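Structures incoming, each one as structure tokens.
In what follows, chain A forms one complex with chain B and a second complex with chain C.
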Partner chain A sequence: MLTLDRRQVVLGLLGVAVLGVIWQLATTHVTRMTTFPNTLEAGGAALAQLVDPEFWRQLRVSGFRWACGLGLAVGIGVPIGLVMGRHRRVHAVVDPLLTAMYPIPKASLILLFVLLWGAGNGARIVAIATGAIIPVIVSSYHGAAGVEERLLWSGRSLGWRAGRSMLSVVFPAALPQILNGIRIAISISIFVLVGSELLVRGSGIGNYLFNFYDVGQNSKVWGTALALAIVGWLLDSAYVAVVRLATPWMDGQV
Partner chain B sequence: MTEILRIHNLHKVFPGKRRRDRPVVAIGDVDLDVSAGEFISIVGPSGCGKSTLLYIIGGFLKSSSGVVEFNGAPITGPAPARGIVFQAYGLFPWKTVLGNVEAGVATRGLPRAARRQEARRFLDIVGLSDVERLYPSALSGGMQQRVAIARTLAQDPELLLMDEPFGALDAQTRAQLQTELLDIWELSHKTVVFVTHSVEEAIFLSDRVIVLGHRPSIVREVIHIPVPRPRLRETVLEHPEYPALNRRVWDLLEAPAC
Partner chain C sequence: MRPPGATSQPRLPARIARGIAKLLYPFVVLGVAWWGLAGWLDRPFAVPTPGDTWDRAIDLWRGDIFGMASLRKSLLLTVTRIALAFALAATTGVIVGSALGRVRWFRQMFGPLVVFGFPIPKLAIYPGIVIALGLGMSSKVVLGYLEAFFPIVLATSAATSQVPEKLLWSARSVGYGRVGLVTGVVLPAAAPGILTGLRVGLVGAIIGVFLGEMIFPSSGVGAIMVGSYRTIDAPGVYVAVASISVIGFVADQLFLSGRRRLLHWSPEGA
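Right after this comes the complex of A and B.
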């Protein structure tokens, strides 16, 4: 297992390296845009951000909002999705509401929430939660709907009624899908976070990034964006590692 | 002999999936009485409703009409007293082998320490003590079925329902598990209702073989197997009545629908 991971890491870095080379060549030989940094400049700016305490300070502010929003989305979304998967009427009621929300850019909802709750953390957290909850509900729904009937019957044969079955059969059986949905929600919620911090400024990593844009410091814009991407990648990797430790029977399904 | 299971005029219809589909009569009219301690098999052509019958006895499906009684009371739903072993997908993949068997033991209300001990005892009976920490996905088909049997036995059911438990296994593993099942059964003499496609398996294992007809099914014949117990495969195969019994069941299965 470990050797396979090393090979995957090498291949992954290779892919990024190829992209970096293309970017460098494009900026230096194809276009003449002086405002667009090449790979080396952007990479250097990213490293500069990663050692800048202000970057991390702003990241902490945003991180708090992100964690609360994601937590809310998972805490509410998973039960809703599971119940939808086992009760057709609930699905019939909730599903149209979900599909209606798909085309709405969730980051823009921050403008609405700010009217309701002001420009504090509350509105931002709800905006992030709204973005993150959709993949969580959808994946939990599919996980619950696809539970093998014989597993449910085994539970009933052991005397487990509906509530116990939901906890002891449906939830663990749906866990691979739920965890995959959360993984997607992590990425989407970062996206909504940064987007909402563009629309409603004040503080946070999105605001920090767009400040550079406002004054035309493009390499710092790209530097921050890249640094954020690296942080996001680390978060995703950490998530996958934790999930694999916590669910040994799933054999790398996430 | 006490009658543990009584089925009279059982009829089961499944409505069509879409509005214009005709309903499917899975079971036409079945009568069946099982006494305590008996081992009976149900055989029949594909689609004749033998699994449906088992699921109705198990309480997972409801009958459309007729009497289905367990110990004198109508069956309304599943219960630990009527344990079931499925052909596959019966084990919880997120629990270890020991965890699965413990789930069966847990139906009996023992304290935690005793539960683990009991679970180990049943794993020992099926010869899988050394894999208690593994997850079902790491086991072969035969081993998984042994764990499934251990879990259901651990519930201490009065009635053991088996839905083609060895159907997905290769012939040798199948034969091995048949013998093991009989060995286990000899210790406890639980009442067993065993559904199978295999005529040889049915004759080898059971006291009586219930032969169902084509859908909508009725009981074509009940064949008594006079081979004394405990049974070895050789004693069954070499029994003077074996060829006639085998022939009789096959003839019934191959007979055209009435």
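Right after this comes the complex of A and C.
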């Protein structure tokens, strides 16, 4: 799957170097030096954040909200999507609502939820779940709609009722698509998490990042942002690796 | 432009009526739910009634409440930013994506960077971008651009890399050059996948620009939303959410109808 030949490694490093040079040129030619740390400074600041316990403490606060929101989205979204995939009427009712909700910036809804419930974890978790649920529903729907009829027939021939078929046939058959949807949901939920913490301050990693902006510590702003980027990327890679390990029978990519 | 075989469609007026009903249905559901919730909760500072919100929308449209720019001007500004961000992301994204999909050394050089850039939360970099570019137009457009660019690149590179070689051979055999192959064969054959990426990118541009306007509120509909929130003006917050939702819905629907027109020949276009 992932074959690292020498050409790939050399060209990959060259690509990173080209990006570094572009960044460096940007610091000297496009913006003022003082506002934009150069490549080495930015990398150093990111490393400094990654070993700072406060960064991880704030990340844990945010991580709790994120996990609750994502869990809620998966727990509600998967059943809705599976039922939509097997029942045309349910699909006809729910699908236009999803289409209408799709282009709304979910992170902005945090303000509505805060007006309703106050600026605690609850409002943030609901905002994250609202953002993450759409890709979960859509992918579960596509997975369930594409289940081979033959599989359902064999379930029926064993005398299974609709609920049992859903659990033992439709869900496993749709699993690859669902896992793919959850991957998209992860990146959207991180976006909503950071957005909601930047919009309604209080605690968490977004607030931590914004504090550096407020006091004008520019290299720390960039350092925290890059450290967060690395964490986001690690999370995505870890998800892909775990899914590959846990479902070795699945072909195709996540 | 339907193939002659497809005559089982209902007549045109019935189809239009059904289309309009399908388009309006979610708004009727949301409106009724909102109206019911506002009446049931009876907390106008948390959930304003649709009537109050409509009144506030008219005030805001005329402008100058608490020193904010009018909704009319803000809408124009926000839409301009979204259009700029999306246009830039679509052009560069399709070019870079095609190069990633068709050119081996380019893919090996920049593929890993794009894969790295895709899942990172671009919002986290935004304060840094604002420090560098200021509060005005450019930082908001850049955030919208970043949100739109990566989905477009990934979809385009996936779609262009899957163009059947046979199509390329036959085009070459009738004398297509390098440029002709790209514009005449690769891009049209990859169009369904590219357009799917562009739709995700369009929504990304809307979300990026709007969030940018909210996080550092200086102008635009996002600034109206945050300005209203800070003055505990719930109807104003709802006006802003409704405005950006309408922008998003209209843009998405226009895109989908354009996509259907472009792809009438392919199974994905239906």
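Note that in this section the second predicted complex is superposed on the first by the 226 of 254 C-alpha atoms of A that agree within 3 Å, B and C clash if a C-alpha of one lies under 4 Å from a C-alpha of the other, contacts with A are read in each partner's own complex, and residues count from 1 in each chain.
Note that in this section a contact is a pair of C-beta atoms (placed from the backbone, for glycine too) under 8 Å apart; a residue touches a chain by one contact, two chains touch by 3 or more.
Quick caveat: nothing in here was measured; it's all calculated off a predicted structure.
Contacts of A:82 after superposition on the shared chain: neither chain B nor chain C is touched. Of the two partner chains, chain B is the only one that A:159 touches; chain C does not reach it. In the superposed pair of complexes, A:102 makes contact with chain C only, with no contact to chain B.
When the two structures are aligned on the shared chain, A:151 is found in touch with chain B, with no touch to chain C.
More residues of chain A lie in contact with C than with the other chain of the pair chain B and chain C. Of the two partner chains, neither chain B nor chain C is touched by A:127.
Contact with neither chain B nor chain C is seen for A:185 once the two complexes are overlaid on the shared chain.
Touch criterion not met for A:73: it reaches neither chain B nor chain C.
Of the two partner chains, neither chain B nor chain C is touched by A:46.
Note for the complex: chain A touches chain C at residues 7-8, 11-12, 14-16, 18-19, 30-31, 35-36, 96-97, 99-109, 111-112, 114-116, 186-187, 190-191, 193-195, 198-199, 206, 209-210, 212-213, 218, 221-222, 224-226, 228-230, 232-233, 235-236.
Listed in rising order, the residues of chain A touching chain B in the complex are 148, 150-151, 153-154, 156-159, 169, 172-173, 175, 247-251.
Interface of chain C with chain A (complex): residues 22-23, 25-27, 29-30, 45-47, 105, 108-113, 116, 118-128, 130-133, 202-203, 206-207, 210-211, 214-215, 222, 225-226, 229, 232, 234, 237-238, 240-241, 244-245, 247-249, 251-252.
Listed in rising order, the residues of chain B touching chain A in the complex are 55, 58-60, 77-80, 82-84, 86, 88-95, 103-104, 106-107, 135, 137, 152, 155.
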